[in-house]
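For reference, the structures are reproduced in the following blocks.
Two complexes come next, and they have one chain in common, chain A, joined by chain B in the first and chain C in the second.
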Partner chain A sequence: MIDAVASLVPVNLAAHAPALLVVLPMMIAPIAALMPNGRIAWLLSILTTGASLVMACVLLSQVRSIEGGAVISYAMGGWTPDAGIEFRIDALNAMVLLLVSVIGFLAAIFSWPTVAAEIREAKRAMFYAAYLVCFTGLTGVASTGDAFNLFVFLEISSIATYVLVALGASRDRRALPAAGNYLLMGTIGASFFVVGVGFLYAATGTLNMAELAVRLEAVRDSKAVFAGYAFIFVGLGIKAAMFPLHQWLPNAYAYSPSFVTMFLAATATKVAIYALVRFLFTVFGLEFSFEGSTLIWVLMPMGIAAMIACSFQAVFQTDVRRTLAYSSVAQVGYMLLGVAIGTTAGVSAGMFHLGNHALIKGALFMALAGVVLTYQGTTLNDLKGLGRTSPWTMTAFAIGALSLIGIPLTAGFQSKFALVNALFEYGWWWAVAVVMFSSLLAVVYMGRILEAVFFRTPANPNKRHKEAPLLILVPLWVLAIANIWVGVQGGFVAGLADDAAAALFIGGGS
Partner chain B sequence: MSGEFAIIAALVLPLLICAGIWLAGRVPDLREGVTLVGAAALFFVAIVSAMKVSGGESPAISFGEAVPGLEFAFKAEPLGALFALVASGLWIVNSFYSIGYMRGNRERNQTRFYMCFAIALFGAMGVALSANLFTLFVFYEILTLSTYPLVAHKGDANAQRGARIYLMTLLGTSIGFLLVAVIWTGALAGSLDFVPGGLLQQAEGLTPVVASALLILFAFGVGKAALMPFHFWLPNAMVAPTPVSALLHAVAVVKAGVFTILKVAIYIFGEEILNATASREFILAVACFTIVVASLVAMTKDNLKARLAYSTVAQLAYVTCGAMLADPAGFMGGSLQIAAHAVGKITLFMCAGAIYVATGKQNISEMRGLGKRMPLIFIAFFIASLSIIGIPPLAGDWPKYELMQGAADADLDYVPYVLIVSSLLNIAYLLPIPILALMPPPGSGEPAAFKRPGGAPMLTVAAPCFTAILCFLMFFTVGPIADFLEPATGERLPSAYMTSGGQP
Partner chain C sequence: MLEFVLDRGYYWAFFGLMMIGLYIAFASTNLIKRLIGLGLFQTSIILLYTSLSRIDGGTAPILFGADYPKAKAYSEDQAYETSEAGGSTIQSAYSAAESYGSSGVENIYSNPLPHVLMLTAIVVGVATLAVGLAIIVRIREAYGTVEADEIRAMDLEVAIAEAASDAEESKVGAA
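What follows is the complex of A and B.
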């Protein structure tokens, strides 16, 4: 299907797909901001993200056109690397880009009802502009091959995100401190990152990531490289909500507009993890990252701590959005654990879980957005009995929840299976115990919610039969069915993850 | 009908039935018609596949891979065919019974009830016919999830509490232990298929320690086998309506558990490796402990369903015990117990339900003399009790016989004593119920009047009588059943008894 979509695009347009994917939303954003009303801006964002989705399909089919995965190098503006900025797409980028643009497209479609309910009329056009800028930033991070350019896109997406989170203030004033907190942490993270890039530039004299990887070989023992490495690791760790640098995340998810929560949960941390993996494997190289710096003993304990501590925190939340936010941090732990193994199977499992988790959290937060829209609250008490009053929304929510737990025939099961398999192959059987324990905690915290939804009588008897609007239900069910589809026929996503991991090991493995 | 088609039909039929029940939900008679016709068709399909298997075929089919290496594959083999036969056959009887019970009790949400039942049978069929551990695990979980609404059916606080314990225990053990064991097996052997003689034979680097750990993970991971200390979900599941307890918690769900243990013992470990695995004796001891302790606990219970639940815990451990004896006679005993105990225990549960519908009584102490009003029910109860105890000429006799043979073959002297003590305990906690009901001691007063005018609905009486007769008939058909199972369990060693002078 990807190839069919890709073949519809004219060849001379397809040649510029890497640029179009990122630049199009950036150009449309100011136009959207000028629109007289929000509805037109909304339609514009759908069209733009849709176009980006098509471009992502083009890129994927180009990457997959040759055995072993092609690497597309695109010189921005015709300026060849070192002087200019290179966009470099391999199987890993293509997978992340597809993920971000699919979620971005679905999010754009579903956004209107919740935006209409939560954002004031005058701000809606600006809201969509900020969304498109954020989308630009995320896709930019996932396609650029230039370290400094990556920082720029990271900041573009972050600054847009601060705005988006703060706009939740019209629903809940606590969005403002949440956005402030996020701003502070995010800026620290970005500063760390840019300082690290500075160190690397000082040591090698280049900012192009492929070139960096080559030149770093020679200066591997320099203290500057080590310092740069540490700064980049911490900086991206904050962005990826790596435990214990995740404190900004729960509030930012809980108080931002529902649409923003859904989009961020499914994409923002994923892209940061992508950047982290890209630096660890491609720029610094497997040998440096894993043998030179004992990274494995940093990444693995943090992943495990996240899986346990944040799952426990999730159990004790009363607001369902916070439960899911803490669960997100825990799931990041799974991905880090997969990466920490440092084998192809491990990284592939981590990437597989990354993709699946986007589908899972996307579905869950979309369903919650529907609940916010129709019933206003998201505490456990508000959700009581909704299984009866809005069965379609809640069935999709339940599918997402089962997938999060990792019940067979769902996407979550497949990636956890792959992760545990990789752990066994590597001989970390004790880590298997941790994964399973964390899954059991997921049974507890999601089970609590599902029980309230399906087996409790509503606390408020005024709740009548009220589903989320069709604009929410359709994308929601697309994601829910995707969860089942990956669970039953996961070959496609698993293949993407395998290719992505293989690309890392060809490109960066020394 | 080809064997492959029979497998597909066995999987698709329950789903069609489920859809049919949903469509016919507004017309109860039509809805129940769908269930009955569908159950009959399913039983027919199970018979066909069993006949193919007994003819030496092993029909197999694959529905493709979920991800590379994890295949949805199905294959009919003797053990699974027997389980499918038992589950689908008793479903027909139980459906008749359900109609009487659910209507007699005026239960709500009956459409949901019958739909979940059909999905549970879908899970049971999948477990029975699965060709690898992955498929088995998937259907094992479907079975867990589909029965949760059935356990919580009443919807009051008590039912919810029981259902939560049910779900948490089964999901917890399966995700925490069984899944680990499955993946570990895959990592060791490079495949998850059930292989005659044992999949782990082809595993390189299988040390006795690893094998021991695996076996422990499997034995406790299959929570449905109710091995102590993971047995408590079963008494808690008794909050469910009685037809659920009867078919699912005496037949489909718990038997899926012990069936999995048997499959793992025969097709994953294989006799040889199992014998060399140190933790086998530990699990065997746990099973024996469960047999005795659960029987002792059963004696203290006055609630009839709770007593039957603990009795089930003890009887299930027989199967685990047979699997852990790791010789053909042990495997045979375990397999026969699946069928024999199913027929006996479903009778007991259906009797308990009939008593409840008619009188509202659940406590054994209140049933004294009730046999005067419900003679057929208590006679059926009496026959089934004798079968569970293991007295000839009733079905329950054979598994115990084979298990004792198996224990003798394996030179495990304490196991026969455990079995004998268990039988004595069975007598102590089961037989007083029908005897005191049918022949109350003088001066114990008139039994309570029927709560429901007209007593138990006719269907709720006919069904247990029918299965009680089955207990009797099965005693005489055990020869063909054993021949049918022999390819899976392996040849038993009659000569061993002959030479030691133990057997004529």
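What follows is the complex of A and C.
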């Protein structure tokens, strides 16, 4: 299917796919801001993210055209890589780009009813402009091959995100301090990252990530490289909501507009994890990251702490959005655990879970957006009995919930199974027990919600039979069916994750 | 030892400013002061990068005198006639400068790249500061204060009230 989409694009356009994917939303954003009417801006952003999705398909089919995965190098503006900025797409980039643009496209389609309900009319065009800028930043991070350029894209997406989160203030004023905190933490994270890049630049004299990897071999024992490594790790850790650095996340997810929550939960932390993995494996290399600095003993405890502690916190929330936000941090723990063992199978499982989690959280938050729209509330009480009054929305929600727990025949099961296999292979049978325990906690916190939704009578008997509008239901069911499809025959996403992991190890090993 | 410390004076300045900035950003309860701390933190990074680019006796990185790549061509053929397409001139000037390497030039230049990077970082910092201040203005409108602890206290009250009404509601539902 992807090849079919890709073959529709003319060759001379396909040659510039890496640039177009990122630049198109960036150029459309100011135009969207100028639109007099939010609806036009909405249509524009659907078209733009759709075009980016096509470009991502083109890139993926180009990467997969060669056995073992091609590496596409695109010199921005015709400047050769070491002097100019290089966009470098390998199997991992292509996977993350496809993920971001699929979610971005579906999010753009479903956004209109919730935006119309939650954002004031005068702000809607600007809202979509900010969304496109955020989308630009995320795709930029996932395609650039230049360390400093990555920082710039990271900040482009983050600054747009702060604005989007703060716009939740019209529903709940707590969105404002949440956005302020996020701004503070996010900026500190990005600044740490840029200090780290500065140290690497001082040690090697280049900013190109592939070139950095080569030149770092020679200066492996330099203190500056170690300092840079620590700064980059902490900086990207904040952005990825790694366990002790995740404090900004629950509030930002709980109070931002529902559309923003859905988009961020499915993409923002994923892209940060991609950047982290890219630096750990490709730039610093497996040997440096895992043997020289015993990273395994840093990532593993943090991943496990996230899986246990945040799952427990999720159990005790009364607001469903907060439950899901804490669960997101816990899921980041699974991915880090997969990455921590540093084997191909482990990284592949981590990436597989990354992709699946985007589908899961996308579906869950989309269903919640529908609930917010029709019933104006997301506490456990508000959700009581909704299984009867809005069965379509809530069935999709239930599929997402089962997938999050990891019931067989859902996406979540496949990636957790891959993770467990990788852990067994590595000999960490006790970590398997931790994964099981954390999944049991997921049964508890998602079970509470499902029980309230399907087996309780509505707290307010006047709740009418009200389904989310079709514009929400269609993308929601696309995601829900994707969850089942990946669960029944996980070949496609698992194949992407395998290729991505293989690309990392080829890049890191040389 | 003392010499070692003093030799790296700019690093100490950088780390000092960075830590002061971080401390203000974390410890202050006033949101505006937090942003000031953040600004200090980001500025210290600019200091780090620009200090990286400096070499002893280096001058501003504009090729001049004997280093100018087309010095001869320009003086002989009059500048404007020789320049073909503008872009390719820049490109060839660049590759000429590159091919000189660090040893080929007669004058000593400091490295321009970190300065250029910091121009971008300054823009990013300004944008962050602007968004931050805008959010603080909105916080002041919504809460009537810019003190983080007062805001937290207000939010806590709301949360407790919400939890209480929630519990009541579920009792009603059960009955």
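The definition used in the following text is that the second predicted complex is superposed on the first by the 509 of 510 C-alpha atoms of A that agree within 3 Å, B and C clash if a C-alpha of one lies under 4 Å from a C-alpha of the other, contacts with A are read in each partner's own complex, and residues count from 1 in each chain.
Keep this in mind: contacts are C-beta pairs under 8 Å (C-beta built on N, C-alpha and C of every residue); 3 or more make two chains touch, one makes a residue touch a chain.
The shown structure was predicted, so the numbers you read here are calculated from the model rather than taken from an experiment.
Enquirer: Is A:Ala203 touching the first partner chain B, the second partner chain C, both, or neither of them?
Expert: neither
Enquirer: With the two complexes superposed on chain A, say which partner A:Glu155 touches: chain B (first), chain C (second), both, or neither.
Expert: A:Glu155 sits against chain C, while chain B stays out of touch.
Enquirer: In the overlay, answer first, second, both or neither for which of chain B and chain C A:Glu451 touches.
Expert: A:Glu451 sits against chain B, while chain C stays out of touch.
Enquirer: For A:Val432, is the partner it touches chain B (first), chain C (second), both, or none of the two (neither)?
Expert: first
Enquirer: Could you say whether A:Leu440 touches chain B, chain C, both of them, or neither, answering first, second, both or neither?
Expert: In the superposition, A:Leu440 contacts chain B only.
Enquirer: With both complexes superposed on chain A, which partner does A:Val194 reach: first (chain B), second (chain C), both or neither?
Expert: Touch partner of A:Val194: chain C, not chain B.
Enquirer: Is A:Gln414 touching anything from chain B or chain C once the two structures are fitted on A? First, second, both or neither.
Expert: first
Enquirer: Using the touch definition from the top, say if A:Thr318 reaches chain B (first), chain C (second), both or neither.
Expert: Touch status of A:Thr318: second partner only.
Enquirer: Which residues of chain B touch chain A once you look at their complex with the stated criterion?
Expert: Residues 64-68, 70, 72, 137-138, 141-142, 145, 152, 155, 160, 163-164, 167-168, 171-172, 175-177, 179-180, 183-184, 186-187.
Enquirer: Flag every residue of chain A that touches chain B in the complex, lowest number first.
Expert: Listed in rising order, the residues of chain A that touch chain B are 402, 405-409, 414, 417-418, 420-421, 424-425, 429, 432-433, 436-437, 439-440, 443-444, 447, 451, 455, 487-491, 494.
Enquirer: What part of chain A is in contact with chain C in the complex they form?
Expert: Where chain A meets chain C, its residues are 83, 148, 151-152, 155, 159, 162-163, 166, 169, 173-174, 176-177, 179-180, 183-184, 187-188, 190-191, 194-195, 198, 201-202, 207, 318, 379-381, 384, 456-460.
Enquirer: Please give the residue numbers of chain C that touch chain A in the complex, ascending.
Expert: Going through chain C, the ones touching chain A are 18, 22, 25, 31, 34, 38, 41-42, 45, 48-49, 52, 94, 98, 114, 117, 120-121, 124, 127-128, 131-132, 134-136, 138-139, 142-143, 148, 151-152, 155, 158, 162-163, 166, 169-170, 172-173.
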